[in-house]
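Shared chain: subunit A. Partners: subunit B in the first complex, subunit C in the second.
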Partner chain A sequence: MKKIFAIAWKDLLRSTRSLFLIGMAVVAPLLITALMFFALGSMESSDSSALPQIELGIVDSDQLPAGASLENSLGASLRQALSGEDLHTWLHLRAYSDASAAQAALDAQQIDAVLYIPADFSAQFMQGAQPTALRVVYDPALTITPVILRTLLENAMQSMQGAQIALQILSAQTQDPALSAAAAAQYADWSAQAQSELAAGPAWLHIVTPASADSSSQPSSIALILAGQMIFFSFFTGGYAMLSILHEAEEGTLARQFTTPTARILILSGKFLAVLLTVILQGAVLLAAGRFFFGVNWGQPGAIALAFGGQMIAAVGLAVLLVALIKTSRQSGPVFGGLLTAMGMLSGLFTTNINMPAGFDMLSRFTPQGWALTAWKLALNGHATSDLLLPAVVLTAIGLALFAAGAWRFNRRFA
Partner chain B sequence: MKILAITLKDLQQVLRDKRSLLFLIAMPVAFTLFMGFAYRSGSTPDTGDSRPVLVWDCAEPSAAAASLRALLESDDSIKVVERQDATQSTPAGTLTVPAAFHLNSSQANKSLTLSVDETTSAGQVLAAAVRNALLRLASAEEIAALSGSAGGDSAQAYSAALDRWQSAGEWVSFEAGSAPAAWYGSSPYNQASPGILVQFTLFGLVTSGQILMQERKTRTLQRMLSGPLSVWQVAAGHSLALLALVFGQEMLLVLFGQLALGVDYARQAAAVLLISLTLGLWIAALGLLIGALARSDSQVVLFSMIAMFFFAAFGGCWFPLEISSGLFATIGGLLPSAWAMTGFQNMLIRGLSFSAALQPALILSAYAAATFALAGWVFKKAGE
Partner chain C sequence: MNAIETFQLKKNFGARAAVQGIDLRVPAGEIFSLLGPNGAGKSTTIAMLSGLLAPSGGDAVIFGHSIIRQTQQAKAVLGIVPQEIALYPDLSARENLRFWGQMYGLGGKTLQTRVDEILDLIDLRDRQNDLVGKFSGGMQRRVNIGAALLHRPQLLIMDEPTVGIDPQSRRHILDSVKALNQQGMTVLYTTHYMEEAAELSDQIAIMDQGQIIASGSHTQLIHLVGGQTRVEISLNGCVDGLLSAWQAMPGVSAVNAKDNQVSLLTENANTLLPLLFESTAGNGLHITAVEICEPNLEMVFLHLTGRALRD
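For the complex of A and B:
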């Protein structure tokens, strides 16, 4: 037993001295989590500063008809509204004199969308007819920008529609142009106030989140991202720590160890133990970093222990089998990089915040990483320790089976 | 000739390792399919009525509640069902309306509850539809009040305003800008295929970087440099091999995208070739740099993986940069991987002409030249 610990301790020291392993085990998962956190920050934030910066081109052909009572055309009023104080931090307008110049700017991605205001917009509005619709052409590679612009412009159009309805009804009823114009102006003031009140959330409209989707009862995105990365890199770390056997075999030091009186099974056991300790150390650092840097509440202690333990056993088991199967340390790059990344993706480790089709959820049941993610999701959701028994048992069984297959292969290889 | 000899030697070395080759081709194919499914899962189904369903929960509808219901039903973006019919569909939200509901009444009688998950797109559509309907109802009441103060018939004004709102047409239309013939942005693979192509050509750096590493480890590089070959000839020989590998990998993935996934690379084949070639040049230069910088096989893997994750995530290969926050999008937009994505998207999603590939190709070439110069310098140092 003493010899096993001595070998494990030597390998563990070697691992902790390796900048490569530290980079892959700790720095990479934290870096990717932070990257994803900043990248997707705008999707979760309600702060307007997190909105995408939108460059909107405008081709305003609207002409105020002769003798109109309005001071400016509706197109000009709309442009003024869109360049308001509350929008200028994220909405930037660029005026174009003709459609071809605007289209060229759109094709060159200098702007995200073009708003075309037709020449007869004001005239038709004042006649009480439905005006020729404003036209917005947007960059088809964009997904959020068109949605934001739609909301913004539909709200603006709703105000104008309301003003037109008010003006027509009041004119028809009072038959007094001055009186109806004054009432329409009153309506315009009311409309602006009503829109801002409704946007701010009036006391009489309660928007509640259903319990099933209540984010306060669900783990934060960052917790899920970090859990996914922790699982992905723990399997990576296990594999690379296990590679020390292959390195020693290539350098000839393993053969020298086998000539000593120490039994081969003890040497291999020491190496397996070192991998387990390395993976435990890595997991502990990531759990602590998640708690202190990202404020992740990992769940109940018992649940954490089961998820963590199951993941460790499965990671070591897979590492032993993979290293037993590859022939040279050179093959480790593509095999670990490719296979573990593929298994990670199939297990949903990179899509923890996306609702994947049911088929993928089923696929994840065939990978140890998928079961580890299930366990961590349960722990992060605050489930009781007993709820994690099934994934922990499955992970342990997978880990032991992989370990047995790998150890058998090693025995044959070094017999 | 000597440069070509080095190139052929490198290619033979890589092609000999069948297992690594399998990963360079099979993995990106699997990932493209995977990411395509992931993107598709976020979109609405193509067939049937995909409008989000709002459950109308009102035990005793007042006149105002009936008007609100009529306004909601006139909105084409949602479907309204009664509570008892909700089991036949999957509702996105429920609007609970109190008995004797009226906007101008006491707080209790106008207190509405909308139960909806606004983090989903269906939830956002429902919430916007309810706000719109409420605004229109309030507008009708305001017009009625103004009519009353101006001596008109307020009841008639209210009814006329509601009718107008219910029949109100669209005052603003939206369309995706594209080439006149067709819009190419309808498939999720238009993002997934080039995204994974860029990511996995970067992953190929592992294999190519390891060859250079081996050469340094076995002192072959120093032996070559002691002969009549210059550092630049050796670097050019290796770079050419890297370029051939990366370009070959790109072409296989382009073919897979075209034939299996319906991604229309062939529409502007020359532009796709130009982007692929300049991307290959930059990645070959990066491979040379990594091979010269790394001191062990493990470091080659580490540097390659960091490069892959960094350039893929920041360059918009996993998701469009538009959805990321300001600083991230700004920095990401400057990276060569982002320019490669822009070049591919100009052809696949924006449906633009060959000329739209020139700017991305020029910028990728500039990145390739700068990286190659740096790699050559490091390579020279490594050979000394």
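For the complex of A and C:
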């Protein structure tokens, strides 16, 4: 047993001194994840559903005409609608007494836009004529703000025009100015209320967010990417670490070990243990780095242990078989570079954030990497440990089967 | 007691017989050299003795342990110095020695002490923590030998340990082999350098094409060619008219000619040379070069096989 540990320790020591192995085992997955992290971070921030904060200056020159039956001018109603409680979180109004002051503030970029309400706005409205146009001047550098303001004002104006038509019909039919005035006042109150609810949505419509879509329990994009990278490089690291047996065969140190009073099965066991320890060490570093650098919540401890353990066993098993099948270390390039990459692609390790077709998901079931990804997705989704039993058992079974085949072949080769 | 006894030891690689049933006796406490050209079967023989290759037939016993039935016990008394450097270049000299010591079952304080002893023996104590990959070829050879000595083997097998190294390191290795032997260690040494075999060995076995073609002490082997000196002569013209006269000269046992060169075997070159010059001048020719070769293992090999040792 001491000899097994001596061989494993020697191999582990050599692995930690291999810049290539450290680069591929730890640096590459973290680097790729970091690049994705920054790329996705900028995408996510620009894709945010939060509305931009809009600073809107208002120059309200509107005056109620003499004898008007309305209590407030329509300009005032419009201002009231725009300063509603729900809009207040993103639309901030600043009143200016004259156009020059508002323009100066706009030029100084203290505000994003200015809404000019003309002096005869209510008068024109009351006469039933086409109201004088509202005028909006905005910072030309802005893209979203003008669209939002335009939508808000169009809605407000359409409501007012509807009310204007209704009032004209009412006045024509009742011939009672007092009734018309009362209706106009009620309409003004309703309109203000309607405008303030514009952003919040009507009271009769409730949008319910399903629990499963709660962002706090969903794995972040970066967690999935890191999981994919960790799985891919875990299998690569296992293969590369196992390759040391071919390097040793070529360098003569394996033959020299065979001349010592050490059974060959012990020598092979030491090599296998070294691969397992290397893969565990790599995985532990990536898990810790994911937690501390990217804030990844890997899931419940039991679930993590099952996903991690299954992945380790499968990675070692595949490594042993692959290296047992190749004859020289020169053949390792196409095998590791080609086969493991192809398996990684089939398993969806590089497309963790994309919903792939059902057939593709089915293909991933034929690779240990695919099962490892399934296990990690469950763990990252916060599933209970018991939910990971199936993928963990499958990974272990695959790993042990591959290991047995590889070990048998090694034993034959070095017998 | 014999350190090694082989009984019709054979190794076939497919249809090719690399070792054709050899019977060796290596007495304990001696330096025994296997001498032969490349491909003679020396390394294959050693690979079988060290348990690296399974024999195709026969057996060998090392200090009483059969290499077939008691493989691990036989290996435990062996120290192997492979022909190529078999070390880890990315480990230090001390780390390498520790590992190989562990492979021979050493551990704890014993291992520590043995590693220190070996570092002193190979004169690398001050470089013990440097990576072996940064050592010169000679230094690597020394660590390569040291790794085989950690468990104080009864039998040290060295497979051409001086190939491709500088004269200083070569001298160091040869002196080390002698020193180890003086401490009681049996050494089986393979080489294709006859000078090394001659200098080191108590006994020498000459191998060729998988067979032992001669064995004995250096003196005994030399006597196979009659202890005669070889005289190589180059002339400025055709030698055909001289050969019968030279063959009849006193003390000459053999004459071979090729082109303008003649090779003679004689018991006394000093008395022969004046006669050769005189005879040549009488035939209107001139001797352009003379070389006198004292009897050596090269001549023995040539005598036995008709080929040079380095062919």
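A few notes on this one:
By our rule, the second predicted complex is superposed on the first by the 242 of 415 C-alpha atoms of A that agree within 3 Å, B and C clash if a C-alpha of one lies under 4 Å from a C-alpha of the other, contacts with A are read in each partner's own complex, and residues count from 1 in each chain.
Criterion: contacts are C-beta pairs under 8 Å (C-beta built on N, C-alpha and C of every residue); 3 or more make two chains touch, one makes a residue touch a chain.
Note that the structure is predicted; figures quoted are calculated from it, not measured.
In the superposition on chain A, A:Pro261 makes contact with subunit C only, while subunit B stays out of contact range. By the touch criterion defined above, A:Gln127 lies against neither subunit B nor subunit C after alignment on the C-alpha atoms of chain A. Looking at the shared chain after the overlay, A:Lys10 reaches subunit C, while subunit B stays out of its contact range. One of subunit B and subunit C touches more residues of subunit A, and that partner is B. In the superposition on chain A, contact is made by A:Ser18 with both subunit B and subunit C. In the superposed model, A:Pro146 makes contact with subunit B only, not with subunit C.
Touch criterion not met for A:Ser100: it reaches neither subunit B nor subunit C. Of the two partner chains placed by superposition, only subunit C is touched by A:Lys2; subunit B is not. Once the two complexes are laid over each other on the shared chain, residue contacts for A:Asn411 go to neither subunit B nor subunit C.
Shared interface residues of subunit A, touching subunit B in one complex and subunit C in the other, are 18.
Subunit A makes touch with subunit C in their complex at residues 2-3, 6, 10, 13-14, 17-18, 251-253, 255-263. The touching residues of subunit B, counted against subunit A in their complex, run 17, 19-20, 23-24, 27, 30-31, 34, 37-38, 40-42, 107, 110-120, 127-128, 130-132, 134-136, 138-139, 142-143, 146-147, 149-153, 156-157, 160-161, 164-165, 168-178, 183-185, 203, 206-207, 210, 214, 296-302, 304-306, 309-310, 313-314, 318-320, 322-329, 342, 345, 349-352, 356.
On the side of subunit A, the complex with subunit B involves touching residues 18, 20, 23-24, 28, 31-32, 35-36, 38-43, 45, 49-50, 52-53, 103, 106-107, 109, 113-114, 130-131, 133-146, 149-151, 153-154, 157-158, 160-162, 165-166, 168-170, 173-174, 176, 179-180, 183, 186-187, 190-191, 194-195, 198-199, 203-210, 213, 215, 240, 329-339, 341-342, 345-346, 350-351, 354-357, 359-360. Against subunit A, the residues of subunit C that register as touching in their complex are 50-52, 72-73, 75-76, 78, 80, 82, 84-88, 90-91, 95, 99-100, 102-105, 107, 147.
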